[in-house]
Amino acid sequence: EDTVKLGMVAELSGAGAPSGTNWRDGIKIAVEEINAEGGILGKKIELGEYDTQTDPQVSRALVQKAIDEGAYAILGTIYSGSTMVNMLVAQQNSTPQFVGSESPSIVQKGNPFVFRTSSGSQKGIPALTSYFTGTIKAKKVAVAWVNNEFGKGGHDVFTQEMKKAGIEIIADVPSEQGQADYAADVAKLKQAGPDAVFVYMNQEESARFLIEAKKQSLPMPLIGEVTLTEAKVVELAGSAADGAIAHVGLTASATDVPGIGAFDKKFEEIFKRKPTHDAIKGYIGAWTTKYVTEMVGELDGEAFAEKMHGLCLKAADYPKILLDTCWDEHGEMSRPSFMVQVKNGSPVVIGTVPSN
Amino acid sequence: MNTPILSVRNIGKSFGGIRAVDGVSFEVHKGEILGLIGPNGSGKSTLFNCILGQLTPDAGEVTVNGKNVSGMRASDLNKLGVGRTFQQLSVFPKMSVLDNVILAGQEHHGTMLSRLFGPGDAGLMAEAERMIAFFRLGHLRDTLAGSLSYGQQKLVDAAMAFMAGPSLVLLDEPAGGVNLTMLANLKDRLVAYNAEHGTTFVVIEHNMEFVMSLCSRIIVLAEGNIIAEGTPDEIRSNQTVIDAYLGG
Amino acid sequence: MSQFLQVLLSGLATGSIYALVAIGFTLVWQAAQTVNFAQGEFVMLPAFFALACMSILGMPFWVALLAGLILSVVILGVLFKKLMVEPILPHGGITLIIATMALGILLKESVKEFYSAEAQPFPAMFPNDPIDVFGAVLSMQDIFNLVLCLGIVVLLTLFLNRTRTGRSMQATAQNPAVAEILGVNVKRMILYTFLINAALAALASYLITPVYLAKFSNGETLGLIAFIAAIVGGFNQIRGALVGGLLIGVLDNLTAAYVTAQYRAALPLVLLIVIILVRPQGIMGTSEGRTV
Amino acid sequence: MLELKNIHGGYGKITILNGVSFSIPKASITTVIGPNGAGKSTVFKAIFGLLNIHSGQILLDGKDVTRQTPRQMIGHGVTYVPQGRNVVPQLSVYHNLELGGITASDQANVRKRIDMVMDQFPMLRKFSDRKAIELSGGQQKQLEVARALLLDPKLILIDEPSIGLSPNLVQEVFQTLIRLRDQGVTILMVEQNAKSALAMSDYGLVLELGQTRMHDKASALLSDPRVGQLFLGGHIEVEHAH
Amino acid sequence: MTKSSNIRILIILGLLVLAVVAPIGQKNYIIYVLTSWLIFTIAAMGLNLTLGYAGQISLAQASFMAIGAYITALLTLAGWHWIVAMPLALFACFVIGLLLGYPALRVKGHFLAFVTLAFNTLVFLVLRNEDWLTGGSIGLVGMPRPDFGLFSTMKQLPFYYFTLAVTAFAALAMWGIVRSPWGRAFKALRENPVRAESLGVDTRRITLLAFAIGSTYGGLAGTLITPLVQFIEPGSFALAHSLRILLMVIVGGAGYFFGPWVGAGVVILLPEVLRFTQGYYLIIYSALVIVMLIFVPSGLIGVGARIRDKIWPKQQVRADLAEGASLK
């Protein structure tokens, strides 16, 4: 055979479609680039696309299908709820899998074949703690979160962190995925009057929240992780997003980083829109597959997984990794990250956080 | 006579402002064929529905064989041996004629459990076939009841009322739409059944020829009240009844 | 106190949106005796029509809104009636319900594939400037929604009950065979129903989308909640939609603020069950009458 | 006035009418009799455009009206009162009546006629605001018959009007039909209440197994012993179930 | 009569043989899909009883799969054998199904649809929010597949046969139910409950039973989903899945015994077949469903007969014509 198959299993329809399609498009760019450079170990990549409909059961079946059809590695899924289900299948088949999910539990199951493309919230959120304790010196905070696998994971990490830091959580406001009306949530936060609010929701939900927050003129800083300042959220929320702050693993606005700037340009040219961090995650996942496979020297899932553990790739040597990145023995990932704030309708990098 | 098979005491039923049945009392004796007539809207069907558990009367009491059955559910009444037909066509349209007729008898055979594990026809096939043949519906045995003509459905309806071997049957306009020859037949059948099994009938009808020749006693209802009661001859010549109902 | 007022007013505002969608359900029920499970998608779509007109054809906002309205009336009104309702309705309610569910998927996925999977901002017809009401905040748009909803309910109720065309539509829904025998133009009455429904959907779409953002999946929850609102209010009365919508909007917000956010979604459902069991015809509905 | 030429037709796969032919003159009453399931109602449906006609022709005043829609038939001045119950359940009695005249261009006239039929059936006036579904069976039938009188029809097809009506009202309906006939309206009626129906009719028609068997003066049918024996209550031999 | 039932038995045997050989030599994924087809057939069979035969709309079938699945999961995780967990799960579903039947005693049609829909969503919320028991949105993971000593179902193929056996048994039981007087009583309830009641049918009991038995089948499907997927979470039993099962019943042909088999086949397999169309497959799929409902509204099970009628149009004469006229 002169091709190597990769299974791109993602949320191409259903609630997760915005994340999934970005992930797919990021991967598409990577695959094109890799194939232009001669593929992996001289074999061209053949990308299989599998749509989970944002349904965990379907995602599980599709990972099985991708493997049946000869996928050497799986790229996806994004929603933690799905990843939790389908990573078992990849594991049973000793197939390496790059996922775009952030829920802490994913790397806590002892699965040696799963690897993140962004750090889990148990790493991302603690990076924010110093911001709460140091920069804004918060005494009491509130948390508004989306009640799904992703949000719950983040919520739990955040409450633990705050407890450790001795900050009191005075309002805890869960909301539904797909919720449209945030009036009650914001009213509740307003009433409670915390020093800051930690907002942990998917993209559109973040946007709707910000719009309502502005309407009711919620006075305190809104701080998030990953999603809150994403380009999409800013586009949707418009001026309501101004002032929102978030810690992000990757952002297309970090154009100072040469690789990211280039990717950003290319993506916009092809797809006529700004890449989200899911697009960059997919891109990195595909490139890592190439780099590490070529280190191993053959198409061997087990060897690949073994190689990945404890591996660090430097952007200087492996430019398409974009930032220096390491994976630990659980498949958790670390790399430098950014603090971003929305100013005048666009996210601006206001600081970098070293990898932890 | 001994205890009446059906006794209705002071039944009343209103719908909004309309007093459909206004405290009606009467008794039906074992083996009697009683006619119930009256102008449209006089409360005949409502009275039936109150007696048989399809409606809850506002007041009053119903006893069957001396047993108080007020508030009893229709299916339980049926199991006590009370059968009925409805004024409106009331078959099971997407079931075959045969299934319609078997269904009408099956709940009287065996127990709930034995009906699950017993034979599919609950042992009623022969009986049902005979009943169908009697009403000259043999060629329609496997036809869906819903695609029968009006009169044919009326006959299926009547056939169903007899399947369980009831001791009291309340018929709401059995003659409507039935061909005269078949109707004569139906009348013979009622009379024969009555004679053989002592089955009691209460019949609502607007076909005077049918009622007068079938019933031994007739009750006339108007505006929810009994306005006359007597033998067919007495009723025929009762001026109140002629004015309110029979016409000139 | 100001929290309570805020929650109450916001609830009314959201409730009027639910009501706007719910009206479509009660209308289709009263005039065609069926349920359109794609109603949520019917409300999701017109905003995309308008967006497409703006972004692809470069139309100005108000022109695009008009074009979107026309497209909705043609596609969600005329075509829907001709291609789906007419052939399937005679085969019974459930079949049409399933077909409209499939239609919902079709519309949703088409928007996703041919327009975008991502949410889009949508300009508001009215300034979103906050208005202070004793310390609580409402927007112009909120107030307009409420007023509009009331107006539509009154107009539609008058139309259905006070005009001969309206009554012919009801007759068509309740007993199409009889309507036909009496010479009612049954097909035209059904068409009217779906034309009105489509126009209402477009209107609702333009009012909702600035807040909800334009997204292919918007119909899912919206359709469901509006449906529940319609039932709670009373399915066979247009005004039921208003009462149901406002009630659910307010109770939903009150629950989220004061009782439990985790089980917030359960509240309309519990309300639904209670109402159905205690008063099946709904708060404003009338009973369907004699069965024996 | 109305002529059927060798009509064949039925429901779906099943053929019910096997060659029905007859013609009726203007301003006459014709009563159709026959056993249950003969196809009487089916003939009416065929005329009114509600049946799948395989072959044959229907002429109205010499014009071919085969396979026209009910609306077209109404346009030609034909009205139809089907068998069974046919009211619009949730509309009021008054609005049900109004629907009977929905195709008329002169609505003022319809309102006048509504007033007229209400005089004829006082129950309708008394209950004009009630929902039709709430009426008793016979009251609903009165409503239906009254509803058919609101237009100025040339031909009335009326399928068993007597079902559910009290005897005085049956007479009332028959008298109305006679009055209409005298005004020049043609009436085709199915009745199982055949003796009184034939007595007031000009012609009688016997239908059996989807075919016309006899067509004669009503009085001739009434006095025909075979007709009496077979369809008017004479005895037939049937096996008894018990 | 007997000839056609002989043919039917032959067809059934043929299909059974087909079901036995179908997965042999197939990849895991295909076997997995076939297994889910069987499992959803069971769930759809249950709904077909409730809806197709007894005429009671239920939009809660997925929640019974959930109840069956979670009970099985919790018990097998606690070390119980599937064979012990399964009957307990079924019993629970039966009892809860009875309870769900109560609203059906008061309301019908779309009202009932919404009560059941509400129930489905409430079950979902409980499963998601009560994480001390259900694992919340993270779900439960690592449930073992049953091991019957000599026959272990750990591998995909044995698990398929295990499922096939359970399905066959369930189908047989359903066949027995719908052919018994109960089946007739269910239909009578669907067609005319008032008349049925007046003929002695205890419509109350029959309504409750229709729900209870239908729900038990949903539960049975759930007890099989748990070991098949070995992971369960609330989202897999949300409303959309109830609607999917409803779609199976309608597309297959409500009220026909083999309807659910066809329906589940189409709903599960058609998307697989269409997968090659990439992003468009849901569009094509839903369009196909609509077209199907327009042309065969009573379900695919009737397609054969319709095609036969098209190819050999057969006019039937009225049955009484043979008896001859009485008036010559």
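Letters A, B, C, D and E name the chains as they come in the text, with residue numbers starting at 1 for each one.
We take it that a contact is a pair of C-beta atoms (placed from the backbone, for glycine too) under 8 Å apart; a residue touches a chain by one contact, two chains touch by 3 or more.
These figures come from a predicted structure and were not determined experimentally.
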item	value
Shared interface partners, meaning chains that touch subunit D and subunit E	B, C
Count of contact steps on the shortest path from subunit A to subunit B	2
Per Cα centroids, the chain farthest from subunit E	D
Taking each chain's C-alpha mean as its centre, the one farthest from subunit C	B
Subunit C and subunit D, separation of their C-alpha mean positions in angstrom	43
Where subunit A and subunit E are represented by their mean Cα positions, the distance between them in whole Å	38
Between subunit A and subunit C, centroid-to-centroid distance (C-alpha), Å	36
Where subunit B and subunit C are represented by their mean Cα positions, the distance between them in whole Å	47
In subunit D, residues with contacts to at least two other chains	35, 37, 134, 230-231
Shared-contact residues (touching 2 or more other chains) in subunit C	109, 112, 262, 265, 292
Residue list for subunit A, restricted to those that touch at least two other chains	12-13, 147
Contact pairs between chains, per stated definition	A-C, A-E, B-C, B-D, B-E, C-D, C-E, D-E
Residues of subunit E defined as touching subunit A within the complex	27-30, 32-33, 36, 128, 136-139, 141, 229-231, 233, 235-236, 275, 278-279, 281-282
Subunit D to subunit C touching residues, read off their complex	48, 50, 70-71, 74-75, 80, 82, 86-91, 95, 98-100, 102-103, 107, 131, 133-134, 147
Subunit D residues touching subunit E - in the complex, by the definition given at the top	10, 13-16, 18, 35, 37, 54, 206, 208-211, 213-214, 226-227, 230-231
Subunit D partner contacts - residues on subunit C that touch it in the complex	164, 167-168, 170-171, 174-175, 177-185, 236, 288-290
Complex contacts: residues of subunit C adjacent to subunit B	292
